[in-house]
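Each of the two complexes below includes chain A, the first together with chain B, the second together with chain C.
Right after this comes the complex of A and B.
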C-alpha cells in the first residue's frame, strides 16, 4: 500500500465465470444496458472505515438522504465522480458482517439481493459493489470482502485509511488481493484525497470476482486469514498504537474517565446553547421583521391573519429549531470522528444500565436538554431496538430550552424576593426531569419493552483528528432531514392551532370599543377619565382587551371552558386551562398566552407583578396561588407539551402508537403528580 | 504480522485450539472467578480474568446467538490473537495484537466472561513479552 494505484485485471478473463457473466461485466463497464436506468453502485463497509468520508469525497454535496421504505434506516445517495450522468452511489449502513441479525445487515442483504431500494427507486440488484476496507485493520475487512464476493456482483475494493496505516507501519500488498479476486483494488485515503481519482477511474470497470470463500463461517475466517497472511508476507510488524493506549487509560478510568466525560459533555452543552442563541435570535428577528412588513403591506382580514399568525409563525417556529439541530450534530460528528464518543458511551453505561438503558442513551439525553427533537433523532445511535425505544420515550422528560421561560415565570412567582430559592427550584426541575425520564425508561423496559438490555460491546476506533468537512456535511444533512420530515407536519399543526385560537371572529367588547372611540376622538387628556393616558396607550389597551376577548370566545377558548373541569383538580381555572391547552403546540406559548389572558390587570407594575395579582373569573381568587404555581411547575416538568416532539417520536420510533403512548404517559404522570401536589398544598394551606 | 501468518497456517496449532475451545474446560469467570489468580502461559481463562497487558489467543466463545455472531464479526473469533489493554469496566482488547493490524474492542463484563483465551506471556506486546 505504497501508492494510490489500482491493482486491476482488466485483461484477465475470469476462469470461474461464464461468458455471459463476462459479457455482463463488459456491458456494465461501458454503461448500463438500459440507457434510462441509472447505474447503481453501493458502498459497503465496516463501521469506522471512513466509508462516509469516502462517499463525501466521491459525491461532495451532490447527494440527498433518503429512507428505505418500512424502516427508519436512512442512507445517502449521490452522483459519484467518474461515472456517467445518471449514475448513483448509495452509502449503505456500516456493518461488521452481512450475516448478522441486525436491521442494518438485513438492509444491506436486501439491497444487494435487489429486494429493497430507497424511496422512489426501482427494485434491482446493484450494478456494482464498492467494498471499503480498512487499511489499519485489513484482516477483519477481508471477512466482509469475502462475504461480498459470494454475491457474485461486479465489485471494486477500496482500501481506505492508507495514510494512517503508513503512520503505524502497516503494510500489505493490494496486488495480491487483486490477483486473487480478479477485481480492481485501490488504496486510498478519503481524508487526504489520495487515490480517490484512481478509485473514480476504477469504478467505471467493476468486475465479478473470480474467487469467493467457502460457504461456512469457519471457511470464511480461514480464507480471510490466509489471504491477509499472503498480502502481509515479508512485511515488518506494525508499530503499537501507544497514543490510543494512553488516552484510553485516562478516558475509561473510573474517576478520570467520569471527570473527562462530564467536562466534555458540559462543554458540548454550553457551546450548543451559546452558539445556537445567535442564529436563533436572527431567525426570530427575521420573522419578526417579515411579519411587520407583511402586516403593513397586506390589508387586514383573514388572509392577513393566516399568513402572519399561521404560516409565518409556523415556519418561524420550525426554522428556529434548525440551528440547535445543526450545531448539535456538527459537534457530535466531530466528537465521534475523534473516537471519544465510543469511550464516553462505556463510561456512562454503568450508570444507565440499572434503568434498562445503555450507555448509548447519554448523547440523546444530553441533546434533549437543548431540545427533545435532536435528542430523539440522536437516539438512532442506540443499536438495540428496545433500548432505542426506551430512550426515545424518556428523552422528552429532559428539561428543554422551551421549558425555561415557564420555569423562570413560575419560580419568579413562587419566590419573588428570593433569587437563591428561585435557582434551587429551577435546578430541581432539571433533576426531576432526569429522574422521571430514567424511571420511565425502567418501567417501559420492565413492561412493554421486556428483555435484558444487550451487553455493551463496541469497536473503539483509534483516536484521530476529526474532519470538519464531514461534520459540516452531517450537520447540513440533519438540518435538511429535520425540515423534510418534521417541518411539514409541524407547520400544519401550528396552523391548525392558530385557526382554533383565531376563530370564530367575534365582536370586540364594549370596553374596547369605547377605548377606541376615546382614542380616535382625542379624548385622552389629563382632564379625562384616564389619567395620563395618550391615544396610543388607549389603543394598545383596546388591542389587549380585544385579544383577550377573542381568545376567550375562540374555539380554543371555548374548549378551555369545556375542559376546565378536567384541570380543576390541579387547581387550574379557565384562563390557566387555556394557557395549558395553547402550549400543547410549544411550551413557551404558555407565557405569551397568560400574558394575553391576564392583560389589563395591573399594567403599571410589570408583567410578573400583574400575573401575581391577576384574578380568576370570580374576581376574588388569585390565578397563581402557591399551590397552583407548584402544580404548574410539576406539570410543565413532566407533561408532553410539544407537538413537534410527538411528530418526531412517531417518525423515529416507526409508528404513531409510540407518540400516543408518550403523550399519554407523560401527561398522565404530570396530571397525577401536579394534582397531588396541589391537593396536598391546599390541605396544608 | 509474519508471526501471525505462521500461526494461522499451522494446522497443528489450530487443531489444538479447536480442542481447547470446545472440549477443554475453560477456566472462565462465569464460575465466580475460578480462574483468577492462576498464573503462567498456556492456561485457558475467561477474558475477564486476564491482567492488563497480557496477550493470548482466543480459543472459544461461550456466548450464544446474536452476541456470539456479533463478537465474531468484530474479530473476536477463535485463533485470533488478542492483547488486553484494560481490565474491568470496560474490558478493552486489541484484536490482532502485535502480530498484525489491530482493532480495539470494548466489552462489558458479561461478554468478557464468555471469551476463553489461552494466555501466552511470550507473545510480543505482552507485559512479559516484548515491551510496548
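Right after this comes the complex of A and C.
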C-alpha cells in the first residue's frame, strides 16, 4: 500500500493519469482475468489435517469464534496475514466430503453457496477456497480437492503435515497437481511453520481450477487415485509409520491399553481437580481482598452491600469456573494433538455403548466429576448430535467438587464414630451419580432422542508431538467464550440469589438488641457479668442471632417457609428447605447456610456437633435424623441444583428446553428417590 | 460372495467388493474411500473386542463391527 501522502502527491501532479488508473483498477476487479486479492477466504479440509493449526498460523490471536445461526456448530473467523486489511479467513468444520447428509457438510455447502454466514457476518459467496490436504494421506485428501474444484470458485491447495510425510518417506510432486488444476499448490507444515509464508503470498492470487473430476462417487475416487499415482510417480514407496504402529500395539493391548487409559484419564482428572484448585484459590482470595478493601472505602449501606456482596461476589463466582475450563481444554487439546484422545474413545467405546453413548462421552463425564460446566462444554467432542445431547443431559449427575462439602457433612452426621462407613457412603454417592447418569442417558436415547447414532467412523491419526501454542490458544478461546456466552447470565443469577438471601433488611430481634446493650454496659463497667461472658462473647452471640433472624425473614427464607410442605415428604423442615434453595447458587452453599441457621444452639462443641443436635422450629425434633440425612444425601447426588450449569446446558444444547428438561428430570428423580428413602427409613425406624 | 469386513482376521488384507449400506451411511463409507477395488487391512482391535481399526487408503479408521459388516470384502 502506498502512503496517503504519496497518493496525494500523484493526484496533484497528474490528475488525468490517476483517473485512468482508477478505471483500470475498476476493470480489473470486474474482469475475470486477474482478480483482486480475495476478501473472504474459507478453509476447507478433512478432519485431522491440521486445519486448525494452520488457521492459528495464518491468523494468530486475531480471530473470534462464533456460531452459524440456528446451529451449535461454531467456527472461527480471523484476519489472515498476507491479505489486505478487512479480509477474513473462515475456518469451516472438518468434513470427509461435501456431499454428506450431515450437519457439518451441509454448513460447508451453504457457506460455499453464499447462503450461510457466521453470526454477525454478511451473506456472500466466498472469494476463494483454501483446501487443506494431508500430505500423509494425499489420496483421500485429493477426493475433497476434487469436490472443491466442482464449485468453480478460485482456490489454493495447501498440502499440510509435510514434515510428518517426509519422516515416513512419503513424497509427492505438488507441481503435478498445480499444473493439472492450474491453481497454486503450497506444501507446508503448520507445526513447524514451513511454507506458511509462501501460503500467505499464494492466498492473494487464487485461481479457478481448470479441471474437475466426473460427477459420480466412483469417478471421483478414480480421479483422485489417478492424480495421486501421477504425483507419486518416480518416488520410493512410503515407509510404514513404525512409531504409530508400535505405540498402537501398546495402547490397544488388552492389558497395557486399559492400564494406559486408566493412567491418562486419572492424570487428566487429577490435574483439573488439583491444579485448578490453585488459581481458584487465588481468584477467591483476590475477590476477598478486593471486598475487604472496598468495604473500607465505601460507606456502609445498600450500595456497599450491592457492590461487595452482590456484584463483586457474583463476578468472583463466575470467574471461579474459568481455571477448570481452561486447564481442561489445554489438556484435551494436547491429548487430541498427540492422537491419543481418539485411541481413548476407541478403547472405551464398547463400555459406554449399551447406554446409547459413544466412546467420545468419556472425557465429558470424567471432567464433570470436577465440575459439570467444563464437562458439558467438552461434550462438543461428541460427533453425533443425539449422543452429544444425551451426554450433556447426563453430565451433571456426576458428583462434582461442589457436592464434596455436602457429602462430608452428611456422611459425618450419619456415621460420627466410623470413618470407614463414612468413606463407604461417600464412594457410594459417586457410584450412584455415575449410575444415574448413564441410565438417564440410556432412557433419553430411547425416548426423546431415539434412533441409531450416526455410524461411528473414527479416524485414529498418526501420533504427533503436540503444539503448546495451539493448546494455549484453545484454552484461551474456551475461557473467553465461556465468559461471553454464559458469564453474564451466571452473574445475573448469582446476584438475584444474593438479593433474595440478603433482602429485605429486617429489624434485629429483641434478644440481640438486649445482648448488645449488655455488651455495651460491660464495656462501661469492666465487672464481668453472669456466666463470665465478656463483651466480645455477647456481641458474637448477638451477631449469630441477627444472622439467623435475617436468614429466616429474607425473601429466600420466606420462600423456604412457603415451599416447606413440598419438601416435607422428603423429611426436610423449614431450615433444610432454605438450605436446599440456597444451594441453587452452588451446592456447597448448603453447608454455610445450615451453619448460619443452626448456629448458637449449642456453642463450643464444634460445627458438626451443633448441627447434630440442632432442632426444628418446634424446639424438640432433631433436624438431622438418620432418615433425613440419607434423604438429603440422595437428593444432593441426584438433584440439579446448579443454575450456572443450566445456563451452560442451554447454550451448549442450543435451546433452553434442554436446560428445563435437565432441571425437571434431575429434581424429579431426586425427589422420588429421596422421598422413598425417607419414608422407608421412617417406617423401618 | 466375499465376507463382511468385520470377519476379516487380524493383520489380513482384503479388497473391497461393495457396500450393503444405504443412504447417508453409504456415502460416508464411500468418502472414506471404500469403493470396489480398494485394499483394506484389519490393523487392531479395541481391548473390549470392538470397535476394530482398519487401514484404508493409508488412514487408520475405527469402525464398530455392526457398521463394518456393511462392507463386503474378498479375502
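Everything below uses one rule, namely that the second predicted complex is superposed on the first by the 625 of 685 C-alpha atoms of A that agree within 3 Å, B and C clash if a C-alpha of one lies under 4 Å from a C-alpha of the other, contacts with A are read in each partner's own complex, and residues count from 1 in each chain.
By our rule, a residue touches a chain if its C-beta (ideal position, glycine included) is under 8 Å from a C-beta of that chain, and two chains touch if they have at least 3 such contacts.
This is a predicted model, so every value here is computed, not measured.
Enquirer: Which holds for A:214: it touches chain B only (first), chain C only (second), both, or neither?
Expert: Once the two structures are laid over each other on A, A:214 reaches no partner at all.
Enquirer: After the superposition on A, what does A:84 contact: first (chain B), second (chain C), both or neither?
Expert: It touches nothing on chain B or chain C.
Enquirer: Contacts for A:351 in the overlay, against chain B (first) and chain C (second): which applies, first, second, both or neither?
Expert: It touches chain C, and chain B stays clear.
Enquirer: Once the shared chain is lined up, is A:459 touching chain B (first), chain C (second), both, or neither of them?
Expert: both
Enquirer: In the superposed arrangement, which partner chain does A:165 touch: chain B (first), chain C (second), both, or neither?
Expert: first
Enquirer: Which holds for A:419: it touches chain B only (first), chain C only (second), both, or neither?
Expert: It touches nothing on chain B or chain C.
Enquirer: Figure out whether A:229 sits in contact with chain B (first) or chain C (second), or with both, or with neither.
Expert: So A:229 only meets chain B here.
Enquirer: Determine, for the superposed model, which of the two partners chain B and chain C contacts more residues of chain A.
Expert: Ranking chain B and chain C by residues of chain A touched puts B first.
Enquirer: Considering only touches as defined above, state whether A:193 meets chain B (first), chain C (second), both or neither.
Expert: After superposition on chain A, A:193 lies in contact with neither partner.
Enquirer: Contacts for A:242 in the overlay, against chain B (first) and chain C (second): which applies, first, second, both or neither?
Expert: The answer is first: A:242 touches chain B but not chain C.
Enquirer: Could you pull out which residues of chain A sit against chain B in one structure and against chain C in the other?
Expert: On chain A, the overlap between the chain B and chain C contacts is residues 96-97, 99-102, 136-137, 139-140, 143, 217, 221, 238, 244, 248-249, 252, 254, 342, 346, 349-350, 454-462.
Enquirer: Quick one: in the complex, what on chain A touches chain B?
Expert: Counting only chain A, the residues touching chain B are 96-97, 99-102, 135-140, 143, 165, 168, 170, 217, 221-222, 225-226, 228-229, 232-238, 240-242, 244-245, 248-249, 252, 254, 342-343, 346, 349-350, 454-462.
Enquirer: Under the definition above, what is the set of chain A residues touching chain C in their complex?
Expert: By the definition above, chain A touches chain C via 96-97, 99-102, 136-137, 139-140, 143, 217-218, 221, 238, 244, 248-249, 252-255, 257-258, 342, 346-351, 353, 454-462.
Enquirer: So in the complex, which bits of chain B are touching chain A?
Expert: Touching chain A from chain B are residues 1-5, 8-9, 66-67, 69-75, 77, 79, 85-86, 89-90, 92, 94-96, 98-108, 110-111, 124-125, 132.
Enquirer: Along chain C, where are the residues that touch chain A in the complex?
Expert: Contact set of chain C toward chain A: 23-25, 27-33, 35-36, 38, 43-51, 53, 57-64, 67.
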